Structures are given as structure tokens and as C-alpha cells.
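Next come the structures, one after another.
You will see two complexes here that share subunit A, one where it goes with subunit B and one where it goes with subunit C.
Right, the complex of A and B next:
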């Protein structure tokens, strides 16, 4: 009796070298050729989309090809009275897009385009009594938002403006028996949430609170025979999960626990040789999101053709050195 | 085919109206979808209603979506006035097509706060959107916000009642209505979660919402948790790859065990639920309610109830391990099942360690022998022949009060006979389970997972002692 293994088979003719020029062209052209309908569908996350595109361009040393002035003007127009930043003009502010905007402005060394003090006030105002963070004024709680809050403040050098001890207490209350984390206390472990929580603990200097061996065990079990990583048991491998799992392993000092060469093969197979860009799995449609996490993953795996990426903030290391931020990693 | 701006304008307004009217005329619509149809036909409306299904022909979506999207954003920037009813209609159309458009949900939150919309309407819209987009994070987030509003209404009403004194009959009736309403809402949420879970495997957002709902609407309500555990049994057996569904079971077990142990340690787990959570009485009219009546005003549970919960906990673990073994053997090679086994064994190991410790520290007798080395002794001691290991009252009394709580009649019969379904888990029994699998099964994946489990037992559990 055969079990259907949830994995992909990488074809022999799948791409096996990094097509950097193609990817740079793909990102540079993205956005200009979009018709109304496609643009509309994803406008609610535009600010993060710009962060993905710019970061991958910077990792490939192609940032000057993007229109800096237009982008900083856009971000400026997205800051609201409350200090928070929205995904696009006319949308409501949210922590997710506030972090993306701050990350973009760090890439461009132009934080002065926005009112930084108001951003800090906004983030501070979203912390709850139990230490958790709401994503916006409507109050949804998620460990993702805890990460967004401390990442934003760390980039602005204002971590001391919130109650860090309480924030840590809440994130730790979401830790599960397998060493992983979910979105709220009692929720299932999920690689995306684990990335947020390990990143959070790194930025707050609390990595010692993790059970690194147990968590590392769970993370390693995400690797499938194809070499790709999934985000939870019995899910398909995906380039973005490759990033979240790999970055978490890097943060807890266990990256050598997986088969790096096989993962590299999987990521490379997710490239589209014609259009450029990476897809979630070999043969699927490419997008900027998976293109960033594909290239960033290859960087963590030691590819010397791209810049070194920081596993906590998913930004080029040279940018973080410039602003003097060096998040903790376990060794 | 609409081409000019004016034509698009007329077309879109008509379609938005058609959607609104369809929903108004037929309150039983239970699913939405886009009908593949590249060209407009016969000048007919692109909105199709058949057997409670609402379909939108695909050709119109590319006109419809950008139009309602831009209109709403112009309104948000105060560049364009839209009246309240139009806002309700536009956000409805928009969210059925693109439910992760956060700002549109936020506009509906404001309409709700202003009394233009009622919470039930929004829960219904979200339910429809989830039939096409079962993962949509923003739809689940909005649901939680709406449920919070309902809970606030409920707790405000309770608060008023307490202020005015309880003798007023009208208040009592009103309170019962609210309580029933909350129970219905809880039931409906469970159905929405089940539907979304069936539409997308390992649907993280659906299952974590379900956890949230229980945490906020049924906290500490053992009956609700028991019913959930019981109704999930068949579901997980038919979805052996659904890691999220099994995690939900783990969550239920953990909560139940925590509650039962707390009850056993001290007080009134049967007492009626307070504040803003669904009460036992509003959900169930049988045994629990009766016991609520008996216990009202009592600060501590009777000796019988104190004793009762420990074998129940043991029984829960045994049944779960048995289910897990059955599924692993019937459906070889599923990582989810082995992961579930780890979790249950971990919970059991932890509970046993803590329980032993608590009993010792209070100077009580340990009611069951839970030593690793001798599983056979446990079978004897836990139910039925308790006296040999000092758990006199466990022996038969629990079965009398058990019927309302144990979901599976088959198992309660077994309990009455004093027969346990199988040996309680222990390190040796787990190792022997792995050996049986390795000896009898040649499925590669099954063997891989069995070996990983063995390693996990040795490392994670073994090191804890």
C-alpha cells in the first residue's frame, strides 16, 4: 500500500544556477505593467510588496534601478495622523505596513521622510496590558504583531519606549510543547509564527528562553526528500517557508542540522527561466514575495553572488551595520 | 460589452444592486463562487442564483472590482461622498470578491458601531466570503472583532442586571435570551469553522479561530469541550493528514485535563459559568444543568466529584492513545498521526509527573500507580479494582455521574464494566508499539516516522526522567 507523500519531484531540466539578471529585470518591470484588476487585488498589501521588491534588488546590488523619490513620497503620503502607516494611499494604518515602510526607509537612509516620533507613539499605543500587540486600533492580537512592533522600534533605536518584559512574557506564553510558537496562546506551531517569535526574542535579547534543541528538531523535520521545507507537517514545500524555517534555524544556531545542498537545489528549481522571479514551488507562477525569500534563502545558504542577509530582519547586513543594529544569534 | 466609463458605471451599479437584492431576497444563500464565463451573454445580469448558491460570471469581475475598490478609497480619502446604504452594498460586493481588503472590513466596523449594520449580518457576510476564500485572514480577524462586540453586549447586560437586582423577572428573561443567543452564536461559529476546515486542508486560520472562540466564549465549560472532542473524533479519522485538526484535539484534551484537575484539586467546576462565557445551562438541558442546580451556592464540590475527575482524565488519555494507535495502523505513513502521538504522550507524561507530585505534596495517597515500569499494575488500579492501590471511591461511583460527560456510549459501557480500552501509555509500552510497527510494516514513510518517534521518546522524554 503506497502513501502519497506530500512533496514535489524536481525535474532533471529544472534550473540549477542562479539567474540573477533575470530576477532583477523581473522586479524592475513589476508594477509598471500591471493592469487595473491585478493591481487592485493586491493593493491592500502594497507597502509590503514594495519592501519585498526593494530588498531583493538591494541583495542583488540593483537598488539604484528603482525610483527612490517616488517611493519615499508614496510612504510619506501613507503616514496617518496617528503615526501609523498604511499599505497604500486611502487604506487604514497597520503595524504590518508600518514595519515595511520603516524597512524601506532604512534601505534608502531616508527615515526623515516620515514623522519618526509619531511612528514610535503609534507602536507604543498598540501594546496591551498583557504585553501583546494589536495590529491596529481594532485590536487583533497575534505574535506576528509583537515581532512587527519590536522590529520597527529596533530599526528606529527606540526599543526602550515599550514594556519589553511584558512583551517577552506574552510571546513566551505562545510557546508549545514542540518548542515552536503559534499566533496566540494555545495555537498550533507554525513556521511563519516561529520565525516571528525567534526574531522577536533575538531583538529583545531573550534567545536563552528558547529550547533551541527541541525547536531545532521540529524545524529540521520540515525538510522533505525534495530538499524543500514546509511550514507544518504534511504540507507541501514552499520557497517562503524555506526562508522562515532556515532563518529561524540560523537565529538559533542550528542551520547545519539540515541538508543545505538539497535545499539550495530546491530553491533554484523554483526559478522561472523565461520571466525571471521565483515561485512557491517548481513550475508555479512567480511573484515578488517568493523572489525575495528565494534569493534571501540562497544568501543564508552562503551564495556569494548575493549580499549577506540578516536572518532576523530580512534586510541586507550592510544596511544594518550602517544603522548599528546587530540582533543576537545563538551559536 | 461595457467600454466607456459611463457604461462601466451603469453596469457596476446594476451588478452591485443585483448582488444586494439577491442576498435580500434569499436569506438562505450558503455559498458564493465565480462562474467561468469570458463573455457577457444576452444582456443578462451576471449574477446567478441557483439552489442557494450565488454565482458571479467572471467577465464582470474585472470591471466590478476596480470600480468598487476605487470608489471606496475615494470615500476613505474624503474625496467622494458615499451614503451609508451605498457603503454597505459596496463593501459587501468588494469583500465577496477580495476579502483581505482590510480597510473595507474596517468601514463595516464603523457602520456597526453606528448601528447601521448588525453583528449577525456581518458574521453572515464573512461566512459567505469564507466559502470561496476559506483561509482569508482578514475575514477571520473581522469575525473575532464582531464576536467581541456581541460578548460586550452580553457582559454589559449582565452587569446591568446585577446593578438592578435580580428580582425583576423581565431581566431574567432578557438574560436567558442573551444567553441562548450566545449559545447559538457559539454553535454557528463551530459550523463556520468546520466548513472552512473541509474546504482547505490544515486551515490554520480556521482552526486557530476555533481555539479563540472556545477560549473567549466557553472558557472552563467542560461540557462544551467534551462535546467538541466527541464530535471531532470522526472528523480527524477522516482527515488523517490534517495537522491543524489534530492540534485542535490536543488543545481540547489539554483544556479538559486542566479543568478536570482543577476541579479535583478544589472547587466547583460544575458551577454555572459566570460573566461573558456561554453557560452550561444555556447549552444543555440535561445532567449538567441538574448538577448546577444542586451545586448552586456550594463553594466546593462534593467528595464524589472530587474523586470523579481523575479516572476521567485517565480515560481521556487512554481513549486518545487508542484512537491514535488505530489510525496509525490503519493509515500508515502519516506524519500528522505520529506528531499527534508525541503530543498526547507528552501531555500524559507531564500530567502524570505533576499529578504524582501534587498528591505527594498534599500528603494524599497517589490514586493510581503511574510508574513507567509496570503498565499492568495501572490497568488494575485505575478503575474497578481500585482498593488495592488506595483509590477506594474511584472504583464504581464515577460511572454513575459519568454518563452526561463521556461522549462515547460505547466507551462508557466499557467503563461500567470496569474494563479499560488498553494499557495506559508508558515508555516501555510506547517502545513496544514502535517495535510492532517496525516488525510488521514495510511502508517506508511509516518506518521513518516510527524511528523518529523512537528517537524522540529516548531524547525528549528520556532526558526528562
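Right, the complex of A and C next:
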């Protein structure tokens, strides 16, 4: 019953240099196939999709290739009476897409396209008695939504509009035996959730509440012999988990606990040399989601061909400097 | 998109696929638009249920459609009688079950199922539990299902011991199941809570409880049960020594609870008319209600952390009003109250004394050892023996090596120091991608040992040269240290935490790779800084030293900065108090 190590093998002919031009072309073309079946199926997360595409373009210094006017108009049309923003027109508002919309508008310095006060009211209205946040009015509770709430408010400079102490108390009640965090109290640790919770604690100035050595150990144990990182023990490596683990390690001041050169090799191997873009693993289909997290991961690893990315908000550092937002990191 | 392998196909295949997708797109868009327009018109009928069902079956992440379904169901609740509602919701459960079969990791389907279960007039929680059993038997790591199970357990009051038995079964059939071990870590403290430590003499019990999490005291496990768990875990890692789940769990079992919130040290200096307070964990002294009483008189003081980088810190300082304690012929009694936690600590400054302190030391609190009672540590000894046996079979197993180190530290950190160092060396070789982690962990343990040695010797000299240190930690334990020797290590910086060494007079750090002195900041007594052969390269790197008023001697030989022009005059300007400069 011995466990077999789950990992991938990187082929010797896998890409080993960063194909920036191809990625920029891939993202620029992505939005133009609006009649595609797969594209239509992903309408329910369109706002986040746009955020992934624009952020990676900005990190590659290619933002002007995107259609700013069209996108701002789209966001405007996605804000609802309640203040919340939906993934697309005809869909219901949700914290996930409210954050994505606010992030996009920060990239474009055009927050005035939406009613900011109403966004703040919407976020505030989703906080529950126990400090947690529901994703929307239907009441799903998740630490992801705690992150979305404080990240949105931090970008808008309105953190004081919610009960921060209660929000912190809830997130800390999701801390586990391994120092990590899950969706809700009692839920198993998961790298995506850990990213949300460390990011949350950074934005609320509470990073000292972490057991950084224990959490850092769990996080650096996500690195597999291929160099890639997985999101939980005994799972396959993935470019997006590589970002979540790496960003969390950066936030808690322990990014040097993984082998950076090996991770870089893994991320580069997930590029598609023909189409541009990154996949979750070498040889899989690419998408904008993994393309952003591939490039952002390389940025955190110190690649000088892409702009510096902020590990908490996954946005270019120069954008955050412009807003005057510098989330805490542990030293 | 996850796990979709890219396949090469011929032009003809491509064309066929394109046509097929076009057809699918038409059907999809028609159904979606029909849903949207019905909803806009406020129609809540069977056809809408049919249409959303059709779409959600292939795209369960389309959250808005679940919302629409819920609106319809809530409408039906108002027009149908209870039996009909029960039937409708049961049909809804079958539908979500079929969605979950196709996509067991859809947030939307799981949330909807929970919503339906909670609204069912006559819920059948036993069925929900057995659904979880079936789902977990297909994928015992599906965290959505685990979370749903926890909801069901909570709603229906399944006893904790029954759930613990469930994890026994899962772990019994497959030890490599991190999710089950995790679940155990949440159940055990409920079933077998650890007894809280007796409050120390100067502290009243805290009134407010910390948020519950397995890290805190309220979520530790009683000793007897701990010993049983050791056995279970041992079975697991003897069966499969490379499975990380059990090793992670074991480290938690060996760990210590977070310390009670208390004031662990109060220090007062007559010369500087200054008080320093150390807390058992980082706090923000400006907001926790700290009260300083001197000779019965509450004092109005400004608390500041040792470095502007810290809003939360274990060490805080304040200046007393000038002239309050500077007469050496007077005795003073000082009390610091932490009003929020209903705890305090006294400190007396006697006639003729320049400084005084009152504290719990690391040795008093056995901070760096096991929490087991003395008679039970023999169990750890036998644990160590069996893990060592395993190591003989698996000499390069990293989990085994690390666990041996942890057991040795729990038993006798100083006695096992040499063996610990050797095991760390092997670890760095067999698990080289994590070498930096092991170096930092080894540094931490060496610092702990040096703190213990210093306290046994009752001296204020902290000497840890030539130990391959890559990081500094526990600096809050070094508040009273007057002389620190960090020479011949691999340090790259003296971090902001270094400013906790408020009594420091001499800093020796020759032969490191230090390029950053951020933490040598406002150290009121610092006179000597020896930094021979480091990587100080600019004047800006030395800027923090300018905040140390008594600095007289500075050795910078063998640093890149000595090669820059005008370095001597620029240093004289930056650090006017330095009279003995070695370049």
C-alpha cells in the first residue's frame, strides 16, 4: 500500500526560456473569439477572466493592447443596484467578481466608472455576525470571500467600514494543526485558501498571528522533485498552486525555503510554444488563468523581464504604489 | 482548466470538432437566453426548472442559474403544501446528486445541496451522511465532500466519537489520507481536551478565550490520548515511511500549545529612566490597555515597539517622566498591569542598583521541550527508539530524520545537540531542495540551546559563533543580554527584531555575510560593533547605527564599503560618536 509519489516528468525538449511575445499575442487574441463554445461556457467567471488577462498583460508591459473603453463600459454594465458586480451581464453580483472588477479599474486608474460607495455598502452588507463573509446574498461562507472583502476595501481605502476585529477572529478560527487554513472552521488546509488567509492577515495587519515556521514548512513541502508545487499533500503539481504557495511563502518571509531554480524550470515547461500561454502542467491546454499565475510566479522568483508583482493582491507593484497601498510582509 | 491534455488532431478532425462545437453553442445560448428572459419576467415555472437543469448539468459552476432555481423553489414553497414541497426538494436532491457524480468538485452543486437539505421539511441526514460515505470512498481527499460532511454532522448532531471512529476506519484502510488525519486533529481536542496549565502565581486566569484553533491551548489533547495517538501514527509510518500525512500529524502531536498570554518580563533601567516589557506573544501595547504603576502612582507613559516596522511586538518600551527614578538612594516598586488580560507583573528597583528585572526564563517555562509530564517522557524515549529502528531500515528517509530531531529536542535539547547537528547535515543532503528550510530550523534549535546554556550559567553573554546560523530568532528572550557573539556564521542581516536587545553593549558579528543592519536601531547602551569581513557596501547600510548614541568602536575591515572613496570622512559625519574606527 506504499504511496507512489504523484508528480510529472519534464521532458528534455520542454520550453526553458520565457516566451513573452507569444503570451502577449495569446492573451490579446483570447478576447476576440467571443463566439467560441468554451469561451461562452466560461461567461460565469468573465470578470475574473478579464482581470487575469489584463494583469498578465500589465506585468508584461503590454496593457495598451487591450481595449480599455470596452472593458470599462462592460464593468459599468455589470454593477447592480445593490452595488455588487457580476461576472458578466445578466449574471448575479458576487464578491469574487466585485474584487476582480475593482482590481481591473485600479489597473486602469478609472474607479470612477462605478459607484464606489455602493460597492463598499455591498461588501459591508455581506459580513456575518461571526465576522465571516458570504460570497453573495445566498450565504455561502468561505475564507476566500473574507479575502475578497478586505482586498476590495483595501483597494478602495475603506477598510474601516467593516468589523475588522471580527473578520480576523473568523479567519483565525480556520487555522489548522498544520498552520494552514481551509474554507471554513474545521476545513482542511489548502494552498489556495492559505493564500487568501495570509493575504487577508497581511491586509488587516495581523500577520503576527500566524505560526509562520509551521506553515512555511507545510508550504515548502509542496515542492515536488519536478520543481512544481502542489496545493495539498499527495496531489499533482500545478502552475496556479505554484503561485499560491509561492505568494504565501513570500508573505510570511520564507520564499527562500523552496528551490527557486527548479520551480522556474517547472513553470517555464508549462508554456505552450505554439499557441503561447501557460497550462496547469506541461503538455496540457493553456488558459489565461494559468498564464497569469505562471508569469506572476516568475516575477516573484525575480525574473527581470516582467514587472514586480505584489504577492498579496497579485497586481503590479507600480499600480499599488500609485494607489499608496503597501500590504505588510513578514521579515 | 485543469488536467486537460492537449491532443494533436488532423485538419479533418478539427473541422468536425468545430462543427460540433458550433451546434452545441447554439443550443447552449438558446437555453441560457431563455432562462435569462424568463427570470427577467419573473416566471417561476417547471420549464425554468427544466432549462436550468439542462444547463447546470453540463456547467454546474454557472452560479446565477442555481440562484434562479432557488428563487423558483422558494416560490413553490409558498404555493405548495408540505408533502409536495418535500417531494420537490427530494427531486432537487437527486438532481444535485447527478451533478455531483459528473463533477464532484463543483462549489455550486455542493452549496446548493446544503441549501436544499437545510430547507427540506423532513430532512434525512442519515441519507446525506451515507452520500458523503459513498463520495469519500470514490475520492477520500475531496475537500468539498469533507466540508459537506462536517455540515451534516453539525446539523444532525452526530456524536464526535462516531466521527472519530469514521477516521479510524479510513486511516485503517489507507494510512495515506491527509484529510482523515486533519479531521482527527479537529475531533480529538473535542473528545479528549488537554487540561489547561495551572495559572502562574502572578497571573489571574485570562477572562476572554482566544479564538478556537488547533494551535491554541483549548485545542490541545490530553496526555493519555496523546500517547495512544503516538502508537497509531507509528503504525502508519512503519507501514509506509514515505507517506507524509502521518509525519505531519506526528509533528503536531509533538508540538506545544501556544503560550498563555502573559507578561513574561519587566525590566527597569535607572540611568535611562526606561522600562521594557516582554509579552509571551506579539501584542500592540498601545491598544491592549497597559498600565504602569510606580510606587503606587499610575504613570502617563508612551509605549513604543522597539522598531517602527512593528505594530505588534513581544517587546515594548517606555520612558519614565524625567527625575522619577534617577536618585540611586531611592527604592522603587513598579507594576505593569495588562488590564485586558487581568494579569500583571511587579518589579522592585532597590537602593544602589542601576537596573532590575522580574521574569520567567525559558528554563523555568521549559519553552523548548516536550509538554508531557516527567513520568510520561519515558514514552517519548521509547518513541525515539522505534523511530531510530525505522531509520536503520530507511537511513535516507527525511521524515524519519526530522522526526528523530524533534523527539530529541522534546526529550533533551542540550544532551542530543551533537546528534541533532549530524542529522541536519544528512537532511540537507537527502532533501536538498529544502536545504534552506533545514538550515533555518537548525539555526533556531541552536539558538534555543544557547539560550538554555546562558540561563543555566546565569550570565548575560550570548555566544553562538561558528554554528552555521542562517537566521536569528527568539530575540525577545535576549532582552537582558549585554554581549552577543555571532561571529563566523552565515547571517545576511540583523533584522528589525534585533532591536529587542535593549541592554546590548557589545555586538560581535565578524565573518558573516551581513549586508543589512536594520535591527541595530536605538540600542541605548551599544558601544562596540565588530563587523569584520561582511558585505556592508554602502553608507546607507550603516544608517541604523546612527541611532545608537553610545557607539564608540566600529570595525568594518574586510567590507566592500572600505573600498569607497571618502569613506572615513563620511562615516565621521554619519557616526560622530565613534572614536575607534577600523577600516
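Following the convention adopted for this analysis, the second predicted complex is superposed on the first by the 324 of 331 C-alpha atoms of A that agree within 3 Å, B and C clash if a C-alpha of one lies under 4 Å from a C-alpha of the other, contacts with A are read in each partner's own complex, and residues count from 1 in each chain.
The definition used in the following text is that a contact is a pair of C-beta atoms (placed from the backbone, for glycine too) under 8 Å apart; a residue touches a chain by one contact, two chains touch by 3 or more.
As the structure is a prediction and not an experimental result, all values here were calculated from the model.
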When the two structures are overlaid on chain A, which partner does A:234 contact: first (subunit B), second (subunit C), both, or neither?
both
First, second, both or neither for A:265, with subunit B first and subunit C second
neither
Of the partners subunit B and subunit C, which touch A:63 in the superposed model: first, second, both, neither?
neither
Quick one: classify A:140 as touching subunit B (first), subunit C (second), both or neither.
both
Would you check which partner chain A:6 touches, where first means subunit B only, second means subunit C only, and both and neither mean what they say?
first
Mind working out whether A:116 is in touch with subunit B, subunit C, both or neither, as first, second, both or neither?
neither
Across subunit A, the partner (subunit B or subunit C) reaching more residues is C
Quick one: classify A:280 as touching subunit B (first), subunit C (second), both or neither.
second
Using the superposition on chain A as set up above, list the residues of subunit A that contact both subunit B and subunit C.
1-3, 5, 36-37, 40-41, 43-45, 86, 90-92, 94, 138-140, 177-178, 182-184, 186-188, 190, 214, 217, 221, 232-235
Interface with subunit B, subunit A side, in the complex: residues 1-3, 5-6, 36-37, 40-41, 43-45, 86-87, 89-92, 94, 135, 138-140, 177-178, 182-184, 186-188, 190, 214, 217, 221, 232-235
Sort out for me which residues of subunit A touch subunit C in the complex.
1-3, 5, 35-38, 40-41, 43-45, 86, 90-92, 94, 136, 138-140, 169, 172-179, 182-190, 205-206, 208, 211, 213-214, 216-218, 220-221, 223, 225, 227, 232-235, 238, 254, 256-259, 262, 272, 279-281, 283-285, 287, 289-290, 331
Subunit C residues touching subunit A - in the complex, by the definition given at the top
1-6, 21-22, 24-25, 28-29, 36, 59, 61-64, 66-67, 70, 107, 111, 115, 141, 143, 146-147, 150, 174-176, 178-179, 182-183, 185-186, 211-215, 239-240, 242-245, 248-249, 252, 255, 281-282, 309, 311-312, 432-434, 436-437, 440-441, 444, 495-497
Residues on subunit B engaged by subunit A in the complex (per definition of touch)
61-62, 65-66, 69-70, 73-74, 76-77, 98, 100-103, 106, 109, 138, 141, 144-145, 148, 202, 204, 207-208, 211-212, 215, 241-244, 247, 251, 254-255, 332-336, 339, 342-343, 346-347, 350, 443, 445-446, 452, 456, 460
